[in-house]
Structures are given as structure tokens and as C-alpha cells.
Amino acid sequence: MLEARNLMVFYENMLALNNISIKCDENQIVGVFGANSAGKSTLMYALSGIMLDIQKKEKMAGGERITLTGDVLLENQSIMDLKPSLRAKAGIVLCPERRRLFKESSVLENLRIGGYLATKAQANQTLDYVMNMFPALQKLRKRLGGFLSGGEQQMVAIGRALMAQPKVLLLDEPLLGLSPLMQSTLIKATKVIQKEQNISVIVSEQYARPVFPIVDYAYILENGAAVMEGTREELMDNPDVKSAYFGVS
Amino acid sequence: MSDQQTRQERIDRGIKVRSDGLYALMSWRELSYLTAPRFILIAGMLLLPFLMPGMYWQRVISIVCIYAVLALSFDFLAHYVGLVSLGGAFFIGTGGYSAGILNSYFAIPPFLTVPLAAIIGGVFCTLVLFPCLPLKGVYFAIVTLMYPLFMARIIEAFDIFGGTDGLIGIDSFASSFAEQYFVIIMVLVFLFGLRRFVTTDRGLIFTAIMDNDQAVKASGINITRYKALAVFIASAMGCMAGACLTHIYMWSGISQFALDFSILPIAATVIGGSGTLVGPVIGCLILVPVSELLRDFGTLRIVFYASILVGFILFRSGGIMEYGQRKYEQFERWTQI
Amino acid sequence: AEKPIILGAPLSTAYVYGWDAERGIKLAVDEINAAGGVNVNGKKRPFSVEVIDTRDLEPGVPVSEALMAVERLILNKNADFILGGPNRSEAALAAMSLLSKHKKVSIVTSGVLTPAYHKTVAKKYDKLKYCFRIHGEAVNLIGEMIANFADLKAKYGLTKVFIMAQDVSHARGAAKVMGKVAGSKGFEVTGTEIFPTGTTDYSMALLKVKSTGSQIINIWMDMPESAILLKQWYDLQIPALPFGSTLAAAEQPGFWKATEGKGQYTLCNVVNAGNAPSDATEWTMKFYNAYTEKWGVEPEGLGSSSSYMAVYVLKDAIERAGTIESDKVVTALEQTDIMGVYGRLRFDPKSHQVIAALDPKEGAVGSILQWQDGKRVVVYPKSIAKGEILLPPWMGKN
Amino acid sequence: MEILVYGTINSVSLALMGLGFAMVYGISRVPNFAHGALYIICGFVTWTLFQKIGLPYFFAIIFSLGINGILGMLMYRFVLIRVRGMNISEIISSYAIGLIILEGLRFGGFRGMTYTLPVFMEGSLMIGGVPVDYHRLIMTIIGICLVAGLWLFTHYTKIGLALQGMAQDERAALMLGIDSDFMAMLAMGFGAILAGVASILILPLGNIVVEAGYNVLIMSIAVCIVGGLGSWMGAFFAAFIIGYAQILTVVFIGSHFQMVVALLAIILTLILKPSGLFGQQKELEERV
Amino acid sequence: MNQTTTEPILRMDNVSKLFGGVQALKDVSVDVFSGDVLGIIGPNGSGKTTIVNSITGFIKPTSGKIYFKGKNITGKPPHKVADMGVTRTFQIMRPYHSLPAYKNLVIPLFSPRAKRTGGWRGGGSLGNRQTIAIDILEEIGFERDSYIPFKKTSTLPTGYLKRLELARCLALKPEIIICDEVFSGLSMSEIASMVPLIQRIQDEGITIVMIEHRLRELFQVANRVMVLNFGEKLIEGTASEVMADEKVKEAYFGSEKVEEVMTYA
């Protein structure tokens, strides 16, 4: 489905992604785990093409130079130099780190904006879907995104991503700052969504434990390089992975 | 994708890294590397009057300096305190009138009126702007854009201080030489003064307020007071410039509140390089003479002028200083990945 | 050829008061040079003109722009004399100190109506004696207007005056004075309205005019929107004669088109004769035709004839002084006494203001014109009039 | 009564001026300081098409609006796009463009007082004993419709919403497949057209003069700041505050205080309500 | 744990907050005693951050009073509250990104309070704030010789930023630190290194209020826990009491078995 071949990203002279190749098949949930600044977000940006935008902006402002090489393929054709908006059209939708809601729009508007690519029918359908997925949002419909609490924002963010009718959904640290209940709901939701909409999901986390039950295949990043990969089982019984990413001591 | 396999990387010249204030300087070479640019600037400024052909261009230099001070105050407020002020004209006008009034009503000589105007004007501007300090970003910008218009209208409506005719027959500086060097020194002092100031602990607070005022509050610091201080510094500078303008033209009038005084310094800052403090000065050194050179084009002048401005912004959106600094402190080379 | 005498002209060339002055000056200079130039004791030196756009009539442009222009003319173009502007009152006032600083003789020829100008000269004569003004100023205007009203009173029994002024201090000031004088001269001032610059609706005021039964509307506006006032006046058929003291809109030939002919009957004062066809002196029509021929338009605005004459006056003064050395020329100018386009030209030796009169034989005459079927007909002063003041039909009967 | 009528009219025309600016800012976060210039040039283009080339008035208007729109887009495409996000640069470059247009026009001979557009409809009628000519009525009505329309547009249509999102977080919008540059260009186009509409509606009441450009700019900025940036509704109400402030002073204090009071109103509103009447930026920024 | 004195250092009584129609807090009362480590947990949107904001003066409670050492601090501006020694970290971290890490600390060190108290480790004299700043950073785990204190904060990984937040509070030599989710976004190892830091601070005699979703670590340090739900106080007590409570279970942990929950998050 979505595949990256020896991706490399430099921020100026600093190597943020070092020759990473990952792969995500149809209807698979792939996990990307790594400590802080391992390069998860960078990877997500590279996949969703946002990196191109960052690059452009930096260039305009005469700031740091960002170099990215390698190749990204969607259904085996290169989308490396496709604008992010086009990639989203093609079905790669990123739900970014720290949510980035539209602060000045109500929850409902946030979702509707998400539905830009969808047809009216799709939009309404997905809207209902999201609303029963996260009943909490029902009573927040009218509140401005900026006023929501962390957890509430995360729900909206994911909902918004769904509205864009993704084929491949990229979740960057979705669990950040969520209560345990929220976390498990979200994880379950993710699984359900993946099944029902049969889409592929790539989810990045610091912290494998909560996500792990649902991933089919996982990569482990350490400062910019993929040090390990494998199916759930393989990684499960790898001792140092355990200690580092499961906190099972 | 073979072309992508190489990339251009920037590498600091060793000295830069070491001279971040953490390490002592090693040799004369390095010392000169650091001081040369400053020295050139100072020497250049001081020599300017002699390099100028004829009185007229010397006069232009004075104008350059006045705008330079204004631009400095803008740059300081905008990029070290985070208050984007479009009120350059407000400062100029206030300062100009203070000086004018002091001189023509109380017959105080220029070398006194200028500092006085700076202080009086500074206080006045700060007081008037005080209620606006909580405003953020564009809102502050716009209010400050409104103030000068407001002042002008007040003076016109109440017909005070000579009304629309303005105050005329104000004393000029003792000699054009004195005038020249007064303004030039003024620029240099403010320039290096500010550069020093923003790196002091107190200066850092301003930057902090710009980055995240909430956190500053949470550190038990009263941000309004600091913002007021910043505004005072900036407006005092602006007013000083205004005072000089008044004495150079022996006149002050409501058109000292004109939009131009707000826009041109900003333009200078943009093309010179925002947030560098030196940039604005350089910007003025370019823009003002250009506008003078274009005078012969009559009505077309402004068109050319504006086009040049746009050109600059397009092709050096970072500003001259950004570019210069990078070239000076880093070199680039192609490397294989 | 001899070294030319350089005339610096700081003018706001994007505005009528600027470009008409430019044309006037250039016309005169060409004529003089064609005739061999200026006779500076024995040597025949030509004039040459340097024009710089001062932009001072543009809003939002600081007066210092104009001052820069003046300085450039003096220091950089080494002009020997300054003619014409700056055109905006405050700019002209501000420029005085500069001129005296550089000891340059200057003759203001267009746009500057404020009495403050010559008053200041009189006050600080020694310092500012280099500044002259060769066209009429606000007070003269008022004088003429009043005299003219008197006629109207005598002829049609019009006594009720309604004053409308633009919200700029010179207009406001003038309007106030006007009100006083008119009152004292036995007219009833039925009301005074002040309109902010750029007003586009006057119907309220016009109705007030009607309700107060006013018979003359005295207008002080130099903003283009004043054309609308007259349109609306025409549409609402207000029974009062629109009488502009300064009414920039109506001065220009373009006015007729701008108002689609509704400017009919509008009167306005173009300060000096020659800006509209008349027989003030035998020179008047000569000038008028020469101008029209050279520039392809009739003289517009109030600065054409005065700017034209300024050059001749200067030439005359230089020739009498036999030098271009400033102080001598000043004295020479003070003794000026020549018959010009708009009458006999003499400067008041104290205030350096041209001496005005109602008779061209006595001094500089103003001229008041009325729009009659698309033409500007001079109707006052009597001495130079080409026609009679007409009342709109809807005024005749009442 | 007359206060009411003329207050409303005055306010609406202010609102009209402001809309374009508010629109562009609200959508591309570009403070378009060329707004005044666009306003004026539209007037002149119409004049040229109508008086010189002699197109029917209606078509002249349509064309010139189109031209304006294109002008706006070009402005974005070739200049502003290069300085996106650098607010100060944006202000300067757009202001510079404005200068180029205005002074260019002046140089091109569009000066003096002879440029006028015919009103849509001659004559006037009485409203509560106050004469109001039809054109002003038409203007008011269209103005109000326009505001309402815009509001619906931005809150209920896909494009409108997308534009909103764009404005708030460009990158997030990109992730959802909204092409920010295209949208911003669109916004500039809209903005320019709105400026045009305003001028077409307002100019027939006066003459077309270059200078007006500057005042229009100031006024429109004022209006939409006071309203709270990016909120058309806000802009509309702000227009009313300022508009009435002006009329009231004319009637009760004396018209040469008109500007003073208007500006005072602006400054006070902002001091009392730091993010404008409808804006919530401040609260949002300070949500921790 | 430290034994608590009778006089609460911080007391909220019946604090409520309405945002427009939204009841973010509803009659929340709690006493914090000197030396306590109070944990506050609760589902998202239950009003935890709102509590912090109202204590530190960033928002004004709609009703209710807040006392610090018996003094009423309700509705005082943030800088006043901070000056009295009540400091907080921010859930959404925004460090002074244009300054290097150590200069971030100069700001609090420059504050009136720091000048009075000499600041943490200030040793009374604040001669050279920048060196002191570096010392403090080193103490909380910015290795000095690894250049990290001198890096621009914009390029620092989350872990360091969180520590920086703490450092900012410490520099003021506070009496109370209120931590809003300091653990979130940290990796196992980082948290592991954070816990002892918290304990050390506590040993300094500084009272701590911690808002957390990372229960396991929270319970290591907290001696009392308060649970919020929809802005209301569900229960307050020791960790075990709280975990036992049914309402808490379904509000906060969901159906999961508590042990399991403890291990994740």
C-alpha cells in the first residue's frame, strides 16, 4: 500500500532520518516506536509530504536548509514530488502530533473542514460515524477548538482526519496526554475504524504498550534509523524492546 | 534522482562557534574577524559627511540617520519585544512638536530641546500607549497606526500649536557640521547601545515576553511594566529623531504625523534584515538615498521606488543582513550523501 | 551663450495648482528666451527651469518631502530663484525659513491662499524678506466676494447668505471671517455648514438652505467632491445662487463634463484674471491664447496667470537690479510696477504681498466667473467682466 | 431620524470598504495594504470601459470586477506568495504594490476632478422626511446582502470552510488536502473583487480620485480590526459603531471632530475589547 | 512521607468556573498541606488544568476562594501569585524558543522573587545569573559538557523541555510547584529519571501538586490523590483508596483491570 524506500532527511547538517525503509500493506496497522526525537514525526511528515511544505517555507525565509532524499510509493508508484494536498487526495491523511486543531472554529466546523475532500454524502455519513465513535463530542459541537482540553482535541483531530476519507491514516503520537480510559477507547476505536473502513494505519508512539495489542507489524526507530522491525510476536519476546518500550521491568 | 544524491551543506567558520561568548578569543586574526565589520560600519558612518558631494547630500545623510533611528526603534519593539508598532509617525510627530514647542514657546536651544523632547515625548507616548499594551500582534499594530492620525486630527480640530500651519521659524542646529555629527553619533550610540542592551538579563526578558508571555507571568514578572519600559525606550528614540527633524527643517507641523514616517522605517527594516538592529540602519542607508536619486522622475518616482522595494523583498526576503551574516560566518560546499 | 539663470520650481505637479503653475512658468520662460533672454547689465542671459514634484498636495505625504525638494533645487540644482510653490499653505510656510537660510528669492505663484504667509513676512521682515507672493490671498477674495454680493443685492435683492466650507482649517477660517464681514455689510448669514473632506452627500444641507430661504450659497471647498454639491443643488433645484470662493472643482474646464452640465449658473472665484478669458489688460487675452495654443488646454486652476507673470516680474526686477544677487533683487522687486496679465503689479514693501484692487489700473484684479452653457464667463469685477450674472430660472420668480 | 438613515448609510459604505480587507485577512492572513489601490483602480477601469470604450455600464462593471479579481490573484501569485507568513514583509510589499498602482494611475493622467461614474438610478425618495437618493438605498441593500451572503458562504459552503481552515493553520489544512496556495490566491481574488464592488457602489456618489485610496485603506483596516480580525460580522458591526460615531458627532459636536471621534471610537473599542468585537484571538492565545 | 502540619498551605474552597455555559469546575474544595505531594487525576476535560489556572491566577474563578498560607489569592494576577511562591508548569509547553536553554532560566532568576530569595541554588548572590542557570540545568540533568544547555530550545527533544519547565519553577525557589502533566510525552527511561528528581524536590521541602495520567509513577511519589470528573471532585484519598473506588474505575480506567491500566499509561 504505502511504502518508503531509503528515506533520508537532513535539517541543515543534522541527520534526522537515516536511510529508512518501511512498508505498510493493505488493511494493516503498522506501529512506529521510538523515544523522543527518534524521528517519528519527521518520518510522518516525510510520508505525508508536509516536509515539502516545511522545506519550501524554510527556503523562503532563508532559514535552515532541509534535504530529503529517497522515495515514497503509494500503490507502487512514486509520490515523492507530489504536493501534500495531492497526497491527501490520493488518500494519505496525517493526524499530526499535538493535534493542530483549527482553534477559532467550532468542533463541528473542524470536522466539516476535514470533509473538504469528501462528497456531501460521505461527509455526513462519516460525521455520524465519528459522533458515535466519540459520544463526548456530541455536547462539544459548538465549542471552539482552541478551548478544548487535550483529550477532547485529540478526539476531534482523529475525527477530522477520518472525514478526509483516508486510505492510509497516519497517527503521530495519538495517545499523548490522554487518560487511560481515553487511551483504550482510542486504541479500540482505531482498530474498529481500520476494520470497518478497511484502511491502513501507521501509528507512531513513544511507548509501545498501549498500542501494541493492535499493530500487525512494527518498526523501532532510534535516533533516525530503524534499528529493529518485525511482527507483533517477534518483537513481543525481544527482551530489550520489552524493557525499553513496554516498561515491563 | 542522482541530482538529489548531493546536497549543499553550510559549515560555520570555526571562529564563530568558539566566539559564542563561551570561549576566549585566540588570536588577532580572530579578534579582527569579529571586530572588523563593526569597525567598518563605525568608520564609514563617521566619514560619510566627507564622502558626500556637496551640502545637499550631506543633508540627505541627516535624513538617513533620522530614519535609521526610527527604524532601530521599530526593529527593537517588533523583534525583541514582539510589539509590532506602525506608529513611527506618532513618535516623530510627538518628538517634533515637543521640540518645536520647547524651542518656539520657551526659546530653549536645540542641544537642550532634543534630549528634552526625547524624554517628554517618550513619557507622553508611553502614557498614551499604556492602555494598549495588553493588545497583541496586529491589533497593537493597528492601534499604533491610528494614533498619529488621531493626534493630527486633534491638533487640527482644536487648532493648537499653530494648527494646520504648524510651528515655523524654529531654530536650526548651530552648524551643518554639528547637525551631521549629532545625528550620526545618535545612530551609532543607539545602535550599539541596543545591541548591548538586548543581551543583558533585562534585555532577555523582552525576548521572553515576545516568545511566551504566559510563562513570564508564571515566573513572577510583571510583563506590563516591562512592555511599558520597552515602549518608552522605543518612543524616546523616535521622539529624538523627530526633534532632530524639526530642527533640521526649522519647522514642525501636523504632517509630521504622516503615514510615510511609519512605513519607510519598516520597509528599511524588512530589506535590511529584521531583528538584526544593524539591518534597519543599512536599509535606511539604501532606501533614503535611492528615493532622493529618483526625484528627477517626478511623479513616476514613487512608482520606481515602490518597485525597487518589492524587488528587494522578493529576492532577499530574509533581508540583506541575514544574507551577509551567513556568507560571513558560514561557507557552503556540496557533499555526497 | 551666457550662463542661464536657473529658476527652481517646487510644485506638486500631480495637482491642478501644480501643473498649471508649471505650464505658466514654462510658457513665460520660452517667450522670454525667444526674445533673447534677460539683460543682466549688458549680458543677455536665458532662463532655464528646473521642476521638482513636491507631492505636498497629496495626503499622507509629510511636508518634509516638499522641503527636501526645495533644498534639492537650491543645493543640488543650484537654482538662482525659486518660483511657484510649494503649493500647500503649510509647506510654503515651512519653506520660508529654509529660503531665508539659503538667501534665495522666492515668489509664490499658486495655491497658497493663507494670509499667514505675508503676515509672517511682515512680522519677520529682515529674516524672511526673500519671500514674495504674486497672487491674491483669502482676504482679497473675501473683499471681492462681498463687493460682488453688494451688486447682487442691489440688482436682485439677494441678502440671505448660507456658508458651506470644507473641514480644513484655511477654509474654516475663511468661512468664519466671511460670515463676520457679510454680517457687518448688511447681509443675513442664515447658516454655516462644515463638511469633512470627502463628503459625498449634501442634500441635508441643501434642504436647510431652502428652508431658511437663503439666496446665496457661499462655498469654500477645494475637494473634488464639491462637484456633487452642485449636482445635487441642480437636481433639488435649490433657489439660491451657488457662489464659490475657493471651489477648485468649478475652476477647471473639466467641471462641465464632471457635472454633466449641472454646473450651470455656478459662480467661482479664480483669484486672478487671466485664468479665464477677460479683458483686464491688453495682455490678458494674449496670455490666454498663447497658453491655450501652447498647451492645448485653457488655463486651469488659479495659478496659471500669476505663475506666468512671476517670471516677467522677476525678469524686470533682475534687469533693473543689473544682477541676480539676492538682496539687490529683493529691493528691485519691492519697486516693481508693471502692467501685467491681471493688472498693475506692485508688491507691498512690508509684506511682499501683491497689491490687489478692483480695477486693473490700480492693482492685481481677481476674477469671478460663472458657468454659462459650458463656458466660463467672467462676470466680475465689472472692469473686466465679459458678461452678466444669470440667475437659474427657478430663482427668477420669488 | 436623519441620524438613523444617514448613520446606516454611512456605516454600510464603511462596511463595504472593510469587507474586502477583512476577507483577505481572515482567509490568507495577509494584511492586504493594497486594498485601497484595488478599490480605486476598479473605479478607473470601469470609467475607462464605460466612458472611453463605451461599453454598456453593466458590462463595464462586470469586466472591471473581473479584471480586479485577476489583479488580486496575480498580486498573490507573483509577490505575496514569496513572503507568506512574514507579516511585516507582507504589509510592506502589499503597501508598495498599492503605491505602484496609485501613483502609476496618477502618472497615467488619472488626476483632477473630472472622473465620475453615473449612479445606478437617478432621483430620490423620502424616508421619514429625509431625502435619500435611490443609489444610496441600492448601495445599502446590496451591502447588507453581501455581508449576509459572505457569512453564509464562509460557514456553510465547503470552499468557505476550507478557506477558514487555511487561515487558521495552513499546514493542518494541507494535511486535509486543502491546497493552501490556491486557496489564498482565491481569497485575494475575492478580496479584490469585493474591493471592486465597494468602489462600484460608492464611487458614483463622488469623484474617482487617487487620494481616496489611502483613506479607504485606513478606514477598512480600522473597520475590520475593530470588528475582530477575520470576522465579517464583526467588521459589519464595527462599521456601524464607527459610522454612527461619525454621524452623531457631525450632528451634535461639530463636523470637524468627526475623524477625532471616529478614531477615538476605534482606539477605545480595542482597549476595552483587546481582540475586537467578535475576535477571540486573545482568549485563545492565553488558553494554557 | 512528610507528616503534614494542621494549617494547609494551599486551600481551595468551593471553587467553580464557568466558561460561557460550560461548567469546567464545580464546587471543588481541597486542602494541600506543606510537604504534601497531591496527585490530581481525572478524565480529559475534567477540569484539571482549569484548577491549575485558577490557583495561579491565569483565570478568575466564577465563585469560591483560594487561600495560600491563609492569604486570599483569588483573582490575583499570575505574576503576583508566582511572586508569593506558587509556581506551575504548562501542559502545552512553549519555551522561549529563540533563546538557548540556559537563558530560558535567566528569566525566572531575574524575577523580583528570585532577587529576594536568591533563587534556587542561588546561594543568595545572583552575581552571574547565566552561570547559576547552567548549574541548575546540570542539576536537573542537562549535561553541561554535552552542549545541551546551550542549544536553542526549538531543537531540544520533549524530555528536556519538560525538565526545563520544572527548572523554570525551581529557579524561583518556590513553596509550591504545580505540575501539569510533566510526564506526558516522555519515554520510559526519561520518566524513570524524572521520578527521583521529583522526590528530590519534595525533600527540599517544596510542596507539589501533580496532574498526571501516568499513574504508576504518580503513585510512587504522591501521598494523596484527588479524582476529578466533569469538574467535580469524585474522591480524595490515598492511592489504594482511590484505585479501589468504583466510580473512579468506570470514569477513569474504563472496564480494564486496574493492574493492567497501571502498567500502561
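Order of writing sets the labels: A, B, C, D and E. Residues in every chain begin at 1.
Just so it is clear, a contact is a pair of C-beta atoms (placed from the backbone, for glycine too) under 8 Å apart; a residue touches a chain by one contact, two chains touch by 3 or more.
Predicted model, so just to flag it, every value in this text is computed and none were measured.
Engineer: By the touch criterion stated at the start, how many steps lie between chain A and chain B on the shortest route?
Structural biologist: So the least number of steps between the two chains is 1.
Engineer: Starting from the defined contact criterion, work out which chains touch chain A and chain C both, please.
Structural biologist: Output, common partners of chain A and chain C: B, D.
Engineer: Specify the chain most distant from chain A by Cα centroid.
Structural biologist: Taking each chain's C-alpha mean as its centre, the farthest from chain A is C.
Engineer: Centre-to-centre on C-alpha atoms, which chain is most distant from chain E?
Structural biologist: Farthest by centroid: C.
Engineer: Using CA atom averages as chain centres, what separation in Å is found between chain C and chain D?
Structural biologist: Centre-to-centre distance between chain C and chain D: 37 Å.
Engineer: Could you put a whole-Å number on the gap between the CA centroids of chain A and chain D?
Structural biologist: Between these chains, centre-to-centre, one finds 40 Å.
Engineer: Find the geometric centre of each of chain B and chain D from their Cα atoms only, then give the gap between the two centres in Å, rounded to an integer.
Structural biologist: 31
Engineer: Going by the touch rule set out above, which residues of chain D reach two or more other chains?
Structural biologist: Each of 82-83, 86, 106-107, 214, 256, 259, 281, 286, 288 in chain D touches at least two other chains.
Engineer: Residues of chain E touching 2+ other chains?
Structural biologist: 49, 58, 90-92
Engineer: Counting only residues that touch at least 2 other chains, which ones in chain B make the list?
Structural biologist: If we look for residues of chain B contacting two or more partner chains, we find 156, 214, 259, 299, 301-302, 317.
Engineer: Applying the document's contact rule, which stretches of chain C touch chain B when the two form their complex?
Structural biologist: 13-14, 51-53, 55, 60-65, 67-69, 71-72, 75-76, 89-90, 93-94, 96-98, 101, 114, 116, 120, 124, 127, 168-170
Engineer: Touching chain B in the complex: which residues of chain A?
Structural biologist: 8, 10, 12-13, 60-63, 65, 67, 69, 71
Engineer: Spell out the residues on chain C that touch chain D in their complex, using ranges where they run on.
Structural biologist: Listed in rising order, the residues are 14-16, 58-60, 167, 172, 193-196, 198, 200-201, 203-204, 207, 224-225, 227-228, 235-236, 248-249, 252, 254-255, 257-258.
Engineer: List the residues on chain B that touch chain C in their complex, please.
Structural biologist: 54-57, 59, 63, 156, 159, 163-166, 168-170, 172, 245, 249-251, 253-256, 258-261, 292, 295-296, 298-299, 301-302
Engineer: Would you tell me which residues of chain D are touching chain B in their complex?
Structural biologist: It is residues 31, 79, 82-83, 86-89, 91-93, 95-97, 99-100, 103-104, 106-107, 214, 218, 221-222, 225, 229, 256-257, 259-260, 263-264, 266-267, 270-271, 274-276, 281-282, 285-286, 288 of chain D that touch chain B.
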